[in-house]
Amino acid sequence: MAVGRLAGVGYGLRRNPITIVGLTMLGALIAVAVLAPALALRDPYATDPAIALRPPGPGRPFGTDTFGHDIFSRVLYGARIDLIVAAGAVGVALVLGGLLGAVAGYTGGWLDDVIMRIMDMLQAFPNFILALGIAAALGPSLTNLIIAIGLTNLPIYARLVRSRLLTLRVSGFALAAVSVGNPSWRVLLIHLLPNSLAPVFIQATLQSGWAILQAAGLSFIGLGVRVPTPEWGVMISMGVQQLTSGHWWVSFFPGLAIMVSVISFNLIGDGLQDLLDPRRR
Amino acid sequence: MLFGRYLLRRLLLAGPALLGVLFITFALTRIIPGNPIDRIVGFFVTEERRAEIMREYGFDQPYHVQFVRYLGGLVHGDLGTSFLTSRPVVADLRQRFPATLELTVSAIIIAVLVAVPLGVVSAVHKGSWIDHLGRVLSVIGVSMPVFWLGLVLVYIFFFKLGIAPPPIGRLEPSVVAPPVITGLVIIDALLAGNLPALWSGLRVLTLPALVLGFAAMAPLARMARSGMIEALDSPYVRAARAMGLPARTVIVRHALKNALLPVVTMIAVVFGYQLGGVVLIESIFSWPGLGQYAFNAAANADFPAIQGFILYATTIYIVLFLVVDVLYGILDRRVRYQ
Amino acid sequence: MTEPVLQIEDLHTGFDTPSGTVRVLRGLTLAIPAGQAVGIVGESGSGKTVTALSIMRLIRPPGRIASGRVLFQGRDLLALSELEMERIRGRQIAMIFQQPRESLNPVLSVGTQMAMVIERHVGLTGGAAAARSRELLRQVELPDVDRLLRAYPHELSGGMCQRVMIALCLACAPALLIADEATTALDVTVQLQVLRLLRRLQAEFGLTLIVITHNLGVVAELCQWVAVMYAGELAEFARASEIFTTPRHPYTARLLACRPTRAAVGELPVIPGAVPDLVMLPSGCPFHPRCHRAQAVCALEHPPLAALTPHHHVRCFFPEEVPA
């Protein structure tokens, strides 16, 4: 049954140009991240004060910054970092949130109440502010960034999975699985969870873009990845001072990279949403 | 009477959320790795002095006692003292609040004025090139890092074109500030009849408000569009058209009110983004508001300040949703029965 | 038969979907005589509602009217501009729908909505419009008129909402009123009340009624003429009395036979098979796969609409025999 649905999704995806564009862009992005060492012109950490703050030109497609880093190479390597953060944060949110939601939805009772109250509290915070607070508390590092963003975006997955489970719990095939003697955890894992996955995946793609923006924002403030790591948000912050001296390229290209990446995720997510709810067209 | 009960229910639901928020904020600042004392006093201090300060701040007590003290302090309006400014956080917040208020309200107004008509027009002309263009713009708008956009616009309009004033503060340096009544430069300038200040204030406000509002435009336009499409496809719109009401009447008097209901909720959500966005935008434009305060606090590990900011932002967020709920109850009678 | 107030000629309406165009109306030809009540019956999917929406030009994308003519008082409605059509809707042709509460805007009061229509068609505003609203509501036998004007749709029952809709339709004494499954969503007792109201109004104002329904009882109660639709075209058209006593199209005959009667004992008869897929219709006569009178030619050729008598039209090669 699940396989048939996947095939249907594949068919629908092919007929939706938006999603194709998004997937292509994402593919290119991943390719860049993987091939960064081959595509980069210089070591992203290599400084060279002699050629500091040069505008884009031959051998320096994106110019150089205050320390003489080659921005082009750093943008390429930045793809790795930002994709890792996005994947990591969404992964954390999805797995933890999904599990919590599954437990809440399937078990019910006081456990459900407690978990949902905690989700309420997490969602009472404006999104970025909570991430800011957690990141500030944990200290600036890549791992902490992933944790902060992951925790902030947890509740959505918890709610999605929980509501799906509440309906499925009393459905025909679930009751059948239980009546045949399957223990609860087996029913949960093997029967119920796979059927909850579709809306979760859509959320995940849409959130990946958002995660990149949050990561960039937090790093810009100094709460995420630190200089000189080639993360796009940090790179933008390194160019702020240079702006009023006319050196626009230091901040410009990393931001462009962010935009392109987030667009690709949003296009995929939009396409998936259109697929499952054609009224949106 | 039904409305009163609705209101009360909404208030009661908000209570526990607020308590949870306080708890989480407290917990965040206590799980900091390392001893918070080190950030206050630095390293070159005697053990006795350290112990003294720990007692002063209450760090020597067990956590639950600290929490109670913290709550107690909150009730009295005491949010602690900033490590950076050495002033009570509450005083800092109060001083910087009007600047942020001016900025966020302007941003929302701009966003609504631009996005809602765009969304409505997109819906009415669904499938046309206008609609497609709108969708493309909206995807780009949602995907852009707002602080980057701010930098790009500052570069173009200030540095290159010289149209925008320098992104420093709320008034251009050459202008005389109006006497502070509300703290909102625009309003104060109006009240004092100080036209140069009014003009200057507006000029300086434009770019940051535009940038901050920009992130809000895409979700608002989308909501307006989908709300409008749903309204236009509804049975009552069809019945209204069947009764011969002209298209314009149908759109404006029938469909619009229904379409805008979800937009109202979206404004609250979008405001939440802005609460985070100000941290980034204010620092870029050197706007002396709460966002800049939070930025400095975050960069310097000024925990009472961070905590104070989080509490302020979250409380406003919760209150805002409450207001939206109430608004919904006024606009859509059906909701009161739920 | 008097001059028809509405004449539908070869109407084709379809919906564009990713899997192809669903042709809902495939050459519908129908004449509505003036001052009479015509029932349009058929199963779900036969095209009844789409017919009504096509007449009113309320078909929205992805649907569209492909071809045909709809002559109303001599003018082809399909050739009019949207502006001209707006002047006809509500004023000369009015329509009430299946879900009456859904047909009213939930965020506006009844009074506001009535005032808008009255202002549009009769030109009254303010107090005069309100007075007219009250008068109309009394005409449809609604009590407590003042409170009603201030009320919101969700505070009213289905039957009350439908009466409000009828009142709105009467605002300018239209020549033609289309009732699309107007009583289907109502309680049986309320159904009867609304039907009686419609009959009274028809007599009083000389209204021409088109009653779309799948309920033969409603037709019996209200209509002088019956049009039976199948797969987007007219299968049979005759006086109600004739249709009920001597149905000539096999589909109509089977439809009538399916009604439970007090005398019936044992299994209820059904029509075998299912309503055809409108994207891929059977060749020839669309009913032939389910027809007990079908012969070889029925699968090959599409039967034309034939007049068995001047007032009884059937689209069938082998219509039922009339008992001697």
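So that you can tell them apart, the chains are marked A, B and C in the order they are listed, and the count of residues begins at 1 in each.
To be clear about the criterion, a contact is a pair of C-beta atoms (placed from the backbone, for glycine too) under 8 Å apart; a residue touches a chain by one contact, two chains touch by 3 or more.
As the structure is a computational prediction, the values presented were derived from the model and not from experiment.
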Inter-chain pair with the most contacting C-beta pairs: A-B
Farthest-lying chain, centroid of Cα atoms versus that of chain A: C
Length of the line joining the C-alpha centres of chain A and chain C, rounded to whole Å: 53
Distance between chain centroids, defined by C-alpha means - chain A, chain B (Å): 23
Residues of chain B whose C-beta touches two or more other chains: none
Interface residues, chain C side, partner chain B - complex: 56, 58, 60-61, 82-83, 86-91, 94-97, 99, 102-108, 113, 116-117, 120-121, 152, 154, 165, 168-169
Touching residues (chain side chain B, partner chain A) in the complex: 16-18, 20-21, 23-25, 28-29, 31-33, 139-140, 142-145, 147-149, 151-152, 154-155, 158-159, 226, 229, 272-273, 275-277, 279-280, 283-284, 294-295, 298-299, 301, 303, 306-307, 309-310, 313-314, 317-318
Complex contacts: residues of chain B adjacent to chain C: 126-127, 233-236, 238-247, 249, 253-254, 257-258, 261, 331-334, 337
Residue ranges of chain A touching chain B (in the complex, touch as defined): 117-118, 120-122, 124-134, 136-139, 209, 213, 216-217, 220-223, 233, 236, 239-240, 243-244, 246, 248, 251-252, 254-255, 258-259, 262-263, 266-267, 270, 279-280
